[in-house]
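The structure follows.
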Amino acid sequence: MISEALAVAWKDFRLELRTRERLSSMIIFSIMVMLSFRFAFSFFGVHAEDPVLSASLVPPMLWIAFFFAGMLGLAPVFAKETDTGTLNGLLLAPTDRFAIYLGKFMTSLFFIFLVSLASIVFFAIFFNYDYAGQWIGIAGVTLLGTAAYASIGVTVSALASTAKTRDVLLPLLLITVTLFTVVVPSINATSSILMNDYETALTNIRYVAAFILISFVLSYFLFDEVLED
Amino acid sequence: MKWGKRRDSALLVTMLVAMLLLAYLSTFVAVLPPLPWDAISFHLFFYHIPIAWTAYLSFGVVFAASVQYLRTRAQKWDMVAASSAEVGVLMTTLALLSGSLWSKAQLGYYWTWEDAKLFTTFILWMAYVAYIALRTGVRGDARARLCAVFGIISFVFVPLSFFSSRWLVSVHTNLTSYPFPMINGVILLLGVVAFTIFYVALFRLRYDLETQMAEIETVKEAMEETT
Amino acid sequence: MLDVKGLTKKYGGKSILRGIDLKVPPGQICILLGPNGAGKSTLIRILCTLTRASGGEVIIDGHSVAEEPAKARRMIGAVLHETLLYEDLTAAENLRFYSRLFGVSAGEKDIDEMLTRVNLLHRRNDRVGDFSRGMKQRMAIARAMVSGPKLMLLDEPFTGLDIKSKEQVSGLISGAATTGAAILMTAHDPEMAHDLAHRLLVLVDGKLAFDREKTSVSKVDFVAEYRRLAGASR
């Protein structure tokens, strides 16, 4: 199962490198969001040193950007395969359908995390903000949070991919399932880290980690149903 | 599950009677606990709790029906899930509305985002809406299957949303901290029963509609075959 | 190799397949013809495990498709209406991916060999999207044969091909049969079918109206019979 999953991941990765569609739209989107924030929250630029203010404002801004850029990354995961008919090629494979999920999860996580990291950097540049020196902590929480997002996002994207209204449906489904389970704890964890409150951060991190586990288990049992005809 | 018109009317009448009884009792018989609750919010209480109960109940039904559909592939389970989802949207909307009226009367504001129960119920509402959006967006054979999957996924994550907010201060009034006279408990139970019957009646109506739509589909296909 | 018993398929209330029985032994080329909408593509999709049947049994090399779909899929090489090729990847990359996906370890030499078999070695590192229709079809066959399948299912593989490509594809199919694969394909053209097949089948209104060895009927007779059967359907 793992080698098939890796094959799927490698194929998607190769495709993305060649066409760069997904990646470029995600990066451009993230820059636009950060720029918008820069102007909308221009007062913050002056007060960036205030630890309480930044701990309250920065995590939500970041995670709004991650959420929507991530959605751009999740939308084509199955939409493209469905449209070009290559989904059948995957379905003909003599392996557990979960391998397809794993492969898609790996590439999605890779790209979403990459763009999130880039967003973190853009934010730092635009706001001249240094995250109270907590680069590693922030990156760690982002990795976990984007993993949680991708873990259920791949399944939800598969659900929405056959619908005619998939452009509207995907955001709706994603928000319902991830907003309070992934985004809020991630924001809280990021916030806590910026305030050096590692205990609260850990509670939230454990919660997100549990979410990843639950997502995987759910997807393991349900993914077959989502893809079959 | 073919209930005749008479039985449906009997159901509706029972429900109406129960609700009227509830209203009457809560006005006269209920003992006002030594709280700064005024009359309006106190009566709302006896409606809000049962309504919220049925909102969660119908979600449970959606989940159970979804699981059954995936296990048996019998179309009726899909119809059960869909009917319960639509009734559920209604009940959740009512729960949110009655809750906000109550909080306005009691706490002075209609809504706050800080309360765990509040936004979990809101997420529940969104889950229903999303379920129906998915159902509308997907055509054909895949519809039942995908909706069943989403029914299961959202059922797992809605209570999870609740847990994610454990540490937040809950402004949701905590019943157990106040003395609660027995008679009020009985009335509350009556309310729960009344609204459960209400839910079942609505569900039956919706399910019948679903059955009729399915029959129309079958006739349409049969007609297409002969032309 | 392929054993189908009492296969039925319904979409909603509509019956597409009303009880199909057929057997395809290794090395035999079976060609299934039928008018549009007869259910040929549906049948192929069910045999590929892409769609579930409503009733009946499909057994591939002893494995029931309903109970052991993964094992059954291992034996199958499918060529469908969609090419199942990634247009932005090269020919070699496509084959490399599908080999890995089917659990076949294929080195560069093996890939070269597969491409040579379909006469596409010279386009090894070119984007599949740039290929002509005939080349894509040969590529699709190479993809289907990546795992050395014992059963090949092809859905109207000659559509949109010029004469030369048709000949090349016919050659590939015959070649696969001589190496022992069982082959079931659908087609439109009764004359060409009679040339290529060992056995001929006609699907009309969801049932097999004709199932005979090629040698038992002349081409002229078969064409006439097919026209009659196809014309008689709704």
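Note that the chains take the letters A, B and C in the order they are written out, and that residue 1 is the start of every chain.
Note that in this section contacts are C-beta pairs under 8 Å (C-beta built on N, C-alpha and C of every residue); 3 or more make two chains touch, one makes a residue touch a chain.
This structure is a prediction, so every number in the text was calculated from the model and none was measured.
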Of all chains shown, the one whose Cα mean is least distant from the combined Cα mean is A
Chain whose mean Cα position lies farthest from subunit C: B
Roughly how many whole angstrom separate the Cα centroids of subunit B and subunit C? 51
Using mean C-alpha positions as chain centres, tell me how far subunit A is from subunit B in Å, no decimals. 32
State, to the nearest whole Å, the distance from the C-alpha centre of subunit A to the C-alpha centre of subunit C. 40
Touching at least two other chains at once: which residues of subunit A meet that condition? 228-229
Shared-interface residues of subunit B (touching two or more other chains) are 141
Which subunit C residues qualify as touching subunit B in the complex? 11-14
Residues of subunit A touching subunit C in their complex? 3-4, 6-8, 10-11, 14-15, 18-19, 84-86, 88-96, 228-229
Inside the complex, what are the residues of subunit B that reach subunit A? 70, 119-120, 123, 126-127, 129-130, 133-134, 136-139, 141-142, 145-146, 148-150, 152-154, 156-157, 160-161, 163-165, 167
Across the complex, what residues on subunit C touch subunit A? 45, 48-52, 70-74, 76, 78, 80-89, 93, 97-98, 100-103, 143, 147
Would you pull the subunit A residues touching subunit B in the complex into a rising list? 152, 155-156, 159-160, 162-166, 168-169, 172-173, 175-177, 179-181, 184-185, 200, 203, 207, 211, 214, 218, 222, 225-226, 228-229
